Every structure is written in C-alpha cells, then in structure tokens.
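The next part holds the structures, each set out as structure tokens.
Paired with chain B in one complex and with chain C in the other, chain A is shared by the two complexes that follow.
Up next is the complex of A and B:
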C-alpha cells in the first residue's frame, strides 16, 4: 500500500507539472485580458492531433514536434485573437462566454468529423523506458514532460520579469488603461499574450502525446483541469500556477490510491467547487 | 506655440451627453487648470483629450496636429501624458518597475536613466522605496509615483486629474509643491481640481466647468476674484 501510494504520488507530481503547463497558457491570457477561453481544452486537443500527424508524416519523434507545433500554435493564437477574441475583450461577459464556448463546440465537432472517435497515439517516440528509484518506477516520457514543463514555466517567468515586453505585459495585466496612457498598445499586448498562451499549449501537447493518446473528447479533461488551476492560482503569477498544478496532481494521486481512478475528474471538480467556496480569489491570488 | 487646442467638444456616455461645446486651450510652457464641482465633467474632458473616450463631435489639436479620435497609446507616443484620477499605479509592480514600464516607448528609452534621476531628485521618497511593491505605498507616495511615472515619458503636455484626491492636507501641499517645481522647469501643465485655492495658485489661467459647460475663464487672478467663484469655491 505504501509503495503504491509512493508510486502514485510521484506520478501525481510529474502530472501536476504538466497540468500546470497546460493551465499556464490560460492563466497568461486570463491575467492579461480578463477573458476565459472556454475552448482552451479543445486547443490542447487539436494541438495533440497536430503532434500526431506531424510526427507521422515527417517521421520524427512526437517530442521533437514541439519545435514545429509551438511556432505554428503561436501564429494560430494570433489568428484566433484577430478573428474572435479582439471583438470580445472588454465587452459583456456573456458575449465572451458565448463566443469561446461556440469555438469549443466548433473545434470538438470538427475533430469528430475529421478524425472520428478513435484514439490516436504516436507511432514513433524516443522517450521510452523508465528509471527505477527504489520501489518507484518513473517512466522517462513523464519525467521528461515534467522537466520540460518546469523549464517552460521558468522561461516564461524570466521573460515576464526580465524583458521590456514582459514588463509591458504585466503592466497591461495590472491596469490596461494606465498602460495605454504610457504608450503601450494594449491590443498588441493582448495578441502577444494569446499567441504565447497558445505556443505554450503547443509545447505541452507534444510531450503529453509521449504518454497519452488523443481523441476528440480529450479537450474536456484538459479544459477542466486548466480552469481549476487558474481558479486555484488566482492571479498569483507563474509560481501560483505551478503550485496549483502540483496540488491537483497530488490530490488526483491520493484519490487514485484510496478510491477509484474513474472518479478522478469528479474529485477534481469537487475540489474546484470547494476552492470557489472558501477562497474565491484563489489560493495564491494577489487581488 | 499652442500645445493643446480643444474646440466645441461634445461627449456622451451612451445616450447621456455630459460635455457640451467645451472649448479651451493650453499654450506651450503654460500651466492651466480646470476647476468645477464633482460630476461637472472634468475627468470626462481629460479622458477625451487623452484618447480614452471618443467625442461625438469637436476637434482636438495637439501642437498643430489634429489628433481627434486617436487611441490613447498613440497620443502618448506624441507626448501627451495623463496622471489619472485615483493614481492608477500598477499595484503588483515595484516602484522601479512602474517607472520602467513608463519608458516602454522607443522615444523614452534613451532618456530613462536621466529622467529616473530627475524624478528621484523630485521625490526622494520613491528612491527609498524603489524595490517595494507599489500596492504597499501610502496614498501620498502613490500619487508621487503616478506623477513620476508620467514624467518618465518626457511629456509635452502633462495632465493631472485631481492629484489631491484622498490626501491629507499636509500631503496635498506637498504634491502641489512638486507641481509648482515642474511648472518652474517649464513643463506644460493642464490640471483638473476640486481643491480650488491651491489649483489657482499653481496656474496661469483657469476655466470653470459646471454641468458639462465652460462657464467662466480667465487668468487665475481674474477667476479668483470673480464673485461667484469666491462664494462657491473659495468660501470667502
């Protein structure tokens, strides 16, 4: 029992890092432009398909496709921003919800029509095997995914705290009107935040595919996980997102150990409601 | 040269019009104030001039160029700077980061170090607190930061919206002393205030705005000696 718990906790910590990375894109977009993209999970799902197809046709490992999918997804983010998000920032919340839920349904149905419900997994991946640490077996794929996640988060944190553009993004996030009065083109900042958020999804998707399959419904889980983490983290910056991801990963590990793996989404959702009850501004939020 | 010329400005929020035919101007190097009671439309005027709001009609000319309807960030590029009502400093950035964010524009980058020294000289308090997160500043310090932030942008017109709001009397005079110092440095100033006596003291000319209309204008002495102004605003 103890060994199982230890094994699940290690898995939970590794998955928690990946959850945090997926949520980071959403957190960045929400932080800068106060908009919740309900299609976030579907963006992850489409990116996972992209990883699958690129890996298949170019015959390269799925993990390596991150170098291609991230820039493609950055541009994808800019396009979605221009076509949809630019129209709805700063308007009624209802219009924002309707527009992004519409996008969610659209992408999910397109995926169903194009690829059917059959799950797809990578044919070719170099991140195989596992390392054994005492009683715990750590799959190389998950370990790499976790390390890349933490690395990407550190890189974003560095960008936000050490560059002129990052500072302008944080200023916009704090007060967009005051930022615009200092000559910061806030619409450009919104587009940048949206593109960066999507590029992060692209990186995450490539490494998720090294240990998971994708189907048109995959977006639901990733969306839910991301919303929960963003609510947990509040507007607490990159570290808040990472901590929230780790908490979620470990809660899932405990749930799997002591109850039923099939209930893990239900337990996560309950956690989400609990946090809304006790700390509606998030565990790590500053405002 | 005329820094700012505002002609026949009409502004509405949705269907409710709040500014009617508002006209005024500011010469380069001049210090001008707009005074008037709460709800008169002072903030609306500054928001329209600085591009946050778009007027129904009217014309805004900045150093000879028609800038009506340009977005705020573009007007900032051209040298307009507004210290907004309620300060609006970036709460989660440090004092220094607030000032660095103000040097985002290309034309402000080279002068940043020099301007930083200038504002630290003007407000030594900010220098002491440079690494402190801005949300922990007191009201007076926050107002100094808001003014300093605007000064980093090398403004060709500095607009201040009720810098005395919410400050203890001792801090009000401190803030106005710094405005006076800026004026002496030749900064072109458009000040909006409810705190009329001090506002008139740091201005060359004044306009009185009531119910969305300019009802009186003149040199600060003329306005200060007006019978109605004395009764309503100066309490004499």
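Up next is the complex of A and C:
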C-alpha cells in the first residue's frame, strides 16, 4: 500500500507540473484580458492531434514536434484572437462565455469530423522506458514532460519580470486603462497574451502526447482541469499556478490510491466547486 | 394570467398536436418531432433560470440524469409507477439543485464561475453514478418492457411520448407566462439587468435566484424521467455535458428572457431540423457535421446578434403579416 501510494504520488507530482503548464496558457489569457475562454481544453485537444499528424508525416518524435507546433499555435492564437476574441473582449460576460462555448463545440466536432472518435497515439517516440528509484518507477516520458513544463514556466516567469514586453503585459493585466495611458498598445498586448497562451499549449501538447492518447472528447477534461488550477491559483503569477497544479496532481494521486480511479474527475471537480464557494479569489491570488 | 396569454398557447398546441398526423405517423418523423419537443421543453424550462434570472446554468444534464435514475430505479426495483416516479425525480433534482445552488448563490458565484460550477456538477454526478454500482454502474439498466400499459408508461412507438411531451411543454409555457407576470418574474428581470441595483432596491437576490433555480431543476428532473422512458434504459452517460450545452445554446440563440417565450420552441424547431437534415444527408461523410452547425450558429449569433433571434422572428412575422394583409386588401 505504501509503495503504491508513493508511486501514485510521484506520478501525481509529475502530472501536476503538466497540468500547471496547460493551465498557464489559460491563466495568461485570463489574467491579461479577463477573457473567459471555454474552448481552452479544445485548443489543447486540437494541438495534440496536430502533434500526432506532424510526428506521423515528418517521421519525427512527438517531443520534437513542440518546436513546430508552438509557433503554429502562436499564429493560431493570433487568428482566433482577431476572428473571435477581439470582438468580445470587454463586452458583457455572458457573450464571452457563449461565443467561446460556440468555439468549443465547433472545434470538438471538427476534430470528430476529421479524425473520428477513435483515440490516436504517437507511433514513434524516443522518450521511452523508465528509471527505477527504489520502490518507484518513473517513466522517462512523464519525467521529461514535467521537467519541460517547469522549464517553460520559469522561462515565462523570466519573460514577465525581466523584459519590457513582459512588464507591459503585466501592466495591462494590472490596470488596462493606466497601461493604455502610458502608451502601451492594449489590443496588441491582448493579441500577444492570447498567442503566447496558445504557444504554451502547443509545447504542453507535444509532451502530453508522449504518454497519452488523444480523442475528440479529451478537450473537456483538459479544459476543466485548467479552470480548476486557474481558480485555485487566483491571479497571482506563475508560482501560484505551479503550486495549484501540484496540489491537483497529488489530490488525484491520493484519490486513485484510496478510492476508485474512475471517480478521480468527480473528486477533482467537487474540489473545484468547493474552492469556488469558499475561496473565489484562489489560494495564491494577490487581488 | 390573461386570455391574451392563452391564445398563442392554444394555437401552438393545436398546431403541434396535428403535426404527427401531418407526417402520417411516420416513425422517423415522429421520433424527430419527439426530440424537438424534448429539447423545446428543456429550453423553455431553462428560460426561468437562464432567461428571466440571467444565470448561465449548465447543469441541465445533472437534473435530467437524477430524474431519470430516480424514476427508473423506483420502477425497476420497487415497481413504482412513473406517474409517481417522475415527480419524485423532479424533487430529487430540485433537492440537488438546492444543495449546490444555495452555497453557490450564498458565496456570490456569477457568470463564468456559475457556468463552470454547474457544468462541473454534471461530470461529478456522471462519475459518481459510474462508481456507485448499486444504482448506476457501467452497464445499462433496462426498464421493464411492459409495453402499452398505462401503469408503466412504456410504448412501442414514439407518438405517445410525443403527446406526453406536448402536454409538458404546454405546462412549462404556462408556467413561464405565469412567472413572467408575477412579482417573482419582475424581480428576476431586475436581477438579470443589474444584480447590485436590484439588491439595493431591497430585492432578496439570493432567494429569488434560488427560487428560479428550484423551479427549473424540478421541471428538468421530471423531463429527465420522461427521457428515460423514451430511451428505455439508465446509464451514467445520461449525465451528458453536451445536453447541458445544447440547452444553453438553444436558449441563447433563441434570445431567452429578451423577447417572446415562443421564440425558444421556434428556435429549437429550426435548429434541430437543420442539424438533423445535415446529419442525415452529410453525416455519413462528415460525422459530427450537425454538431459543428451548433458551434457555428452560436458563435455567429453571439458575435452579430448578441440578444438572440427572438426580435428577428417578430420582425419577420410582422412583415409576413403586413404582406398578407396588403395582398388581401389589394385582391379585395
């Protein structure tokens, strides 16, 4: 039992890092422009399919496709921003929810139309095997995914705190009007935040695919997991997101160890509703 | 309630009652019409919380599933007639709504957070029923195949269910009209327009939102029981997030709470028919094309006509009427 718990906890921590990276894309978009994007999980799902196809046709390992998928997704983010998001930023929230729910239904079913309901996994991947640390077996793929996640988060943190562009993004997030008065092009910041958020999804998707399959339904789970983390973290920067991801990963691990794996989503979403009730500003939020 | 409120309901009922005869009881068309009525009743019930109270509720599938499981479990285990099981299912659904809704309103969850909390409740229930082998479990549980007996409300064709749903639709429409004309209705509209202002004016915002939620949950739970009778089995996938989304999409596109209540069944009729047409013609090549249509129509309507289509219908109706009157005047 103890060994199982230990193994699950390690898995949970590794998964937590990946969850945090996926949620970071959403946190960035939500933090900077207050946009409520219900299609986030579907963005992740489409990115995973993209990884699958690029890896298949170029015959390169899935983890390497992150170098291609991330820029593609940055552009994808800009396009979605121009087509949909730009028109609904700052309008009343119900319109934002409705428009992005429309986007979500559209993307999910486009994926269904293009790839049918059958799950797809990578054919070829270099990140294989596992290392054994005492009683715990750590799959290389998950370990790499977690390390890349943390690395990407550190990079983003550095970008937000040490570059002029990053500071401008944070200024926009803190006070849109003041930022605009100081000569920051707010719309451009919005587009940048949305594109960056999507690029992060691209990186995450490539490494998720090394140990998971994708089907058109998987978007729902990723979307809700991201929302749980964003709510838990509040609007408090990168570290809060990472911590929340780790908490969620460990909650999942404990649930799997002590109850039924099929119920893990039930436990996670119950936790989500609970946090919404008692700490709507999140555990690590600063405002 | 005024006589002028009843006139359109009577006209609509007469028209809908004749529809299955117009398609000569063809099984496919009756089934199609049954689903259209099913979603129409759901959307019309949703109007109470989503339209009048302005809360984007995505928990419809929770209430449907609870209603279905309550009715079905009572029927299969204890041989309790659906006549009792359906309203009991509504009560269970309302109980669950109170359980989730009270703290949700107490802690002031609004807008996106309300939507997220409610859609999460669907997934939570689905997984719990999957694990709860005593009642749910991963296998389908079939309802007794006692067809044609009024005690079991099970029928071979779909026409009986069509007329049952029609009766429910009429009741839900009347309920909507009644609420809209009552004090509760005006309070809810005030909350929808501006919650803070409504609170300052002395409206107990929480109480009225909860009241709207309970009414909606009860009705939706009852419809869930009927749904289980139509589908003939119970399964955790009756807690389906897509149903929740579909109801909200039809409500938003139909302009819930903005214009006339009849816009909602009309929108359901139009959108469901188009999506079914797409499915039956192109669905073989492009699976999910009918669902893509939902996504497109919702995004387009929200971007171009955020208040929904109810006003468009009214203008269209006015124009057709004017044209007919002109023709009659010209001909005479």
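Operating definition for what follows: the second predicted complex is superposed on the first by the 287 of 287 C-alpha atoms of A that agree within 3 Å, B and C clash if a C-alpha of one lies under 4 Å from a C-alpha of the other, contacts with A are read in each partner's own complex, and residues count from 1 in each chain.
Methods note: contacts are C-beta pairs under 8 Å (C-beta built on N, C-alpha and C of every residue); 3 or more make two chains touch, one makes a residue touch a chain.
The structure presented is a predicted model; accordingly, all values stated were derived computationally and were not measured.
Asker: May I ask you to decide whether A:154 touches chain B, chain C, both, or neither, giving the answer as first, second, both or neither?
Answerer: neither
Asker: Given the superposition on chain A, which partner contacts more residues in chain A: chain B or chain C?
Answerer: After superposing on chain A, more of chain A is contacted by C.
Asker: Pick one for A:4: touches chain B only (first), chain C only (second), both, or neither.
Answerer: After superposing on A, A:4 lies clear of both chain B and chain C.
Asker: Regarding the shared-chain residue A:112, is it in contact with chain B (first), chain C (second), both, or neither?
Answerer: Second partner only, chain C.
Asker: When the two structures are overlaid on chain A, which partner does A:131 contact: first (chain B), second (chain C), both, or neither?
Answerer: Neither partner.
Asker: Using the superposition on chain A described above, determine whether A:58 touches chain B (first), chain C (second), both, or neither.
Answerer: neither
Asker: Please give the residue numbers of chain B that touch chain A in the complex, ascending.
Answerer: Against chain A, chain B makes touches at 50-52, 71-73, 76-77, 81-82, 84, 88-93, 97-98, 100-102, 104-105, 108, 135, 149, 153.
Asker: Quick one: in the complex, what on chain A touches chain C?
Answerer: So the residues of chain A in touch with chain C come to 36, 38, 84, 87-88, 91, 93-99, 101-110, 112-113, 116-117, 216, 220, 224, 227, 231, 259-260, 262-266, 269-270, 272-273, 276-278, 280.
Asker: Show which residues of chain A lie in contact with chain B when the two form their complex.
Answerer: Where chain A meets chain B, its residues are 164, 167-168, 170-171, 173-175, 177-186, 286-287.
Asker: Please name which positions on chain C make contact with chain A in the complex.
Answerer: Chain C reaches chain A through residues 54, 56, 100, 103-104, 106-113, 115-117, 119-121, 123-128, 130-131, 241, 245, 248-249, 252, 286-289, 291-292, 294-300, 302-303, 306.
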